[in-house]
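Note that chain A is present in both complexes that follow, paired respectively with chain B and with chain C.
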Partner chain A sequence: MSGRAIGLQPARIRAIGMAPIGTRWLEIVGAWMLGLIWVLPLLYAVWTAFHPAAYATRFDLFAPLTLHNIQLAWEAAPFARYFLNTTILVTLILVAQFVLCTPAAFAFARMEFPGRDFVFAIVLLQLMVMPDVLLVGNYRTMVHLGLVDTILAIALPYLGSAFGIFLLRQTFRMVPQELDDAARLEGCSLLGRLWRVYVPLAKPTYIAYGLVSVSYHWNNFLWPLVITNSVTTRPLTVGLSIFASTDQGIDWSIITAATLMTSGPLLIAFLLFQRQFVQSFMRAGIR
Partner chain B sequence: MAGVRRETLQAWALILPALVLLVAFTHWPAVATLVDSLYTTPKGSRPPRFVGVENYVALMDDPVFWRALHNNAVYALVTIPASVVLALLMALAVNTALPGRPLLRMAYFTPTMLPMIAVANIWLFFFTPDYGLFDRIVGVFGMGRHNWLGDAATALPAMMAVAVWKEAGFFMIFYLAALQAMPPDLKEAASLEGSSRWNFFRRVTLPLLMPTTLFVLVNAVINAFRLVDHVVVMTRGGPDNATTLLLYYIYETGFRFWDTAMAATLTVVLLALLGTLAIFQFGVLGRRVHYR
Partner chain C sequence: MTIRNQMNESGADVRLHGVARSWGATTALSGISLHVRAGSFCVLLGPSGCGKTTCLRIVAGLEQASAGVVEIGGRDVTALPPAQRGVAMVFQSYALFPHLTVAENIMFGLKARSVPKPDRLRRLDRAVEILGIGHLLARRPGQLSGGQQQRVALGRAIVAEAPVCLMDEPLSNLDAQLRAEMRREILALQRRLGITMLYVTHDQTEAMGMADQVVLLRDGRVEQDAPPADMYSRPATSFAASFIGTPPMNLLKLSHEGMVPGTGGPVLGPPRAAATLAGIRPEALRLSDHGIPAEVTHAEYLGADTVMVCSVGAEGRLLARLPGRVAIADGALVHFDFGPADLHLFDAATGHRIPQPA
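For the complex of A and B:
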């Protein structure tokens, strides 16, 4: 018994990452199969959008490429306005979140005051109960404020962001206390220290938070759908859904063209800055 | 003493702007919704009337509510494990030296960058009877046309496929980060002791990934109840409420039927559900997780 066990040993001493060739090969094929399944819907959409409608469901390697569908989609709905609305919305949210969350995060990270932990817990509740779920209550508030159908109303529920406060607080706590003390000795005020010491050191966190925030609100749909009802306020996502549902004669070429067009800027930005994006999402996720 | 009070005032001044907005659009609507759920929906000049738990009693008799609850439970129980396991597999795959690794990582992650509503449009086309790619693929295997979204039996699974496709790549990123942060000497030690790959994965990798798994799970649970954009675009809850999820039902009740009291009641149920899940996740699972 023991002899057999010892006899097995040499075969088992193998670098862990190295599986037998057969298994390894299977894994590679499996990984690529999954990858293929994952890009297939997207490739299909790209194919449909950039070929004449006649080729929408026919595969011919030599089918002529065209931008005609994009052009038709662009002219069929006020997408230029929707792009502008989304840009305004995303910028407004990003700037406000930075301005509001930074001081709050600093206070939670580096100041002593009674009730701090309790208030922080209240803030963190929002991580579980997000404004997306509170459509009914927030809609009523917007009616009272007279803000229904404004871009500000789309943005308001997201400005005081628990996620942002939490993320920045974690970063600020990592800033060496000596730097803070040195700045204090130099006669730097509270806000001066925040602005000159903490904010510059937290730059990677701001980039990460910014990317996460922009992609979240570029893609957000249900709340904007509820609170807007005119061309001048609708963001791209809502505009796209209305465009796709108002009986375009279900011309898939044009609908997919519009779909890719509206996701285009974010998608292109992602492909260009892939590493930055992925690292940002990772940074935002590590708690 | 005066110094302490000064710091307290300063701290509150720094916190207050963010806190006011946060409370006004998260805590306040939650409380207001709870209150609203105890009143009738105001109609015209008729003001809301206090009815106690009558709305909740009505809800218990509402078959669509039970259907939505059931759908959402099935949806969560399938999409959460499926996307988490796939995410882990993806991360493990992309973490090894694989031919074309950056391309593969991009393939997995790209759906995450698309708006859910764009994803819904693409998959709507995908599922179209006859023309859609899906029917053409199964057609190769000799199966006839099928209305994937029009059939009550396949509509919800179709929605789940969309959700898993969109989410898995997102969760992969967090697993990938955790895998890359794992000290390499662990692997060396294990290989010297002759531990098999599966054993190493089960005994070392998986426990070390537990905090990540908890984080991913929390997000997956929230998303399973928060994200219904694809329902709005693809099925509007149909056929015959087969794809109605809770938040979609809230949206429909509140903003298509304008029954705000019932919508408020439904929201309270959803909040209670999310709260219970949060307590469970942090209380029960959290204790079994070893943090660094």
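For the complex of A and C:
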């Protein structure tokens, strides 16, 4: 595979002309620079979190390693509870999104009803509204519903996802009509076809969308900050920001330890699913 | 229910009464009526776009007829959903579920209809034994060759134990050799199970080789509905004549005197005011010292026979299929003779067969 790619390159460069050699180098250097800039804070966090506070701003290859900071951070704030809150939150959102988006996407993809395209256009419009614009309006709604300071309130504005509907609709439309016909002939009801044919065939899309949704809501900060005020509802991001503010003093070692701790599960999940994440997203998203 | 009783391995009659289908201004089918006898093999034949697949989908219930009645086994099924009609179907692309194994694919319908498991396995075993696909059961469709996929699709139709089986160009994705093999296999299967088969194809050799009854469609109408031998020997229209046979029947335009224009004879048809077409099968022609004069433009040697392309008169073209190897130089003048029964006359305007005095 790689041998073939390398073999191809001289021909390609010749075909395009002489300029690309310079451009290529510029691209490679640029990519490395971007990568370095992106990873630098993370490297600093790793360095600081696993070394004593004395080494927080000093680089010494032989500095002693320690897990003490992690232990301190874990004890300094109710992170266990925050973890639980975040896990409940992302699970709730993910399940609700799958359950709500699937039938909506199926209806838009394979059913004929008057005004279908118009309604779909309205759903798509939602993609262009930044969630932060709705902060005040959503807060007011939550007050009316009496849900302020609950995990449900954090999740509620995100349960119906235009993005999810769009993504699944595209996938469902690519399912061959003959498979649908065959299932119909074999006695499957509408929901039976959805469950036995469409959903299994859309698995890569569900995985890609699930990963995006989990990472987005794991990291989401502003809305949870506004709507929560107690330990029992706060997700990790909000808990971390409160922890990192003045009530701890600015101890970088502990703050970085806490940060790594909270983003750790997501980081590991991304590394595990990296290929699926990028691949299935490319496959599902760009069509 | 009544369907259960009918499923015991014997076919059911299929009747269409004035079935029509149109979308807005386009008409796919206009008033199709036909009768397929229980346990017989009927081929819906026609060029692409003639409405044969639409017709099949209406029988299956995958599409609704705009008008007309569909009867299966004496029941009016026009308003019934596909699953309650007692039909199984094999699709052109086979429509195997890529996420299921072969065994799961074959039993898909049984599971959806919640047939009890022992019964399910019994039917699977039987289909597997008939088709010889025991070694493939754990594979997925993506790991199968075209012929194997075709067998799995047949398996799914067999386990349904439906009295009527519908097939939509099931062999069009196979190579020529496999196609001939599967053709024999499908025919043997239909005979063995005694089911009624409704089979769609655009390939007239499939129709001639398999069918008890050929229904030739053209532009959404039945052009001719007859056993293959009759369709070959007595085509009802010039279209039917030109669609059946390899190569198809020669159609020569006749002058008012009943001769091919530009030739001095012989007289092929009676003098008529309206334009007439004379049809002669290429295999009915034989070289002679009298008969239709023609000039050889090209000869194609096919092994068992030679197809000779000739020009006749001013603008006529004649194909002759002669047994064995016939060595005649291009440009040579020959004469073709034929038996009186081999001449078919059609009205050039309507295409209808002109009855001849016996």
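Here is the rule we go by: the second predicted complex is superposed on the first by the 243 of 287 C-alpha atoms of A that agree within 3 Å, B and C clash if a C-alpha of one lies under 4 Å from a C-alpha of the other, contacts with A are read in each partner's own complex, and residues count from 1 in each chain.
By our rule, contacts are C-beta pairs under 8 Å (C-beta built on N, C-alpha and C of every residue); 3 or more make two chains touch, one makes a residue touch a chain.
Model, not experiment: these values are computed from the prediction.
Superimposing the complexes on chain A yields a three-chain arrangement in which chain B and chain C fit side by side.
Legend: residue contacts after superposition of the two complexes on their common chain; A:T48 is shown touching chain B, with no touch to chain C. In the superposition on chain A, A:V133 contacts chain B only, with no contact to chain C. Annotation for chain A, partner touching more residues between chain B and chain C: B.
In the superposition on chain A, A:V123 makes contact with chain B only, while chain C stays out of contact range.
In the superposition on chain A, A:R173 makes contact with neither chain B nor chain C.
Contacts of A:V197 after superposition: chain C is touched, whereas chain B is not reached. Touch criterion met: A:S215 reaches chain B, while chain C stays clear of it.
Here the smallest spacing between CA atoms of chain B and those of chain C, following superposition, is 10 Å. Judged by the document's definition of touching, no chain A residue lies at the interface with chain B and also at the interface with chain C.
Per the touch definition, chain A reaches chain B in the complex via residues 9, 12-17, 19, 27-28, 30-32, 34-36, 38-42, 44-45, 48, 56-57, 100-101, 103-104, 106-108, 111-114, 116, 119, 122-123, 125-126, 128-141, 156-162, 165, 190, 215, 218-222, 225-226, 236-237, 240-241, 244-245, 252, 255-256, 259-260, 262-263, 266-267, 270-271, 274, 277-278, 281-282, 285-287. Against chain C, in their complex, chain A makes its touches with residues 176, 178-179, 181-188, 192, 196-197, 200-201, 203. Per the touch definition, chain B reaches chain A in the complex via residues 4, 7-8, 10-12, 14-15, 17-30, 32-33, 36, 86, 89-90, 93-94, 96, 98-100, 102-111, 113-118, 121-123, 125-126, 128, 131-133, 136, 165, 169-170, 173-174, 176-177, 187, 190-192, 194-197, 200, 215, 218, 222, 225-226, 228-229, 232-233, 247, 250-251, 254-255, 260, 263-264, 267, 270-271, 274-275, 278.
Within the complex, the chain C residues that touch chain A are 57, 60-62, 81-83, 87-89, 91-93, 95, 97-99, 108-109, 112-113, 156, 160.
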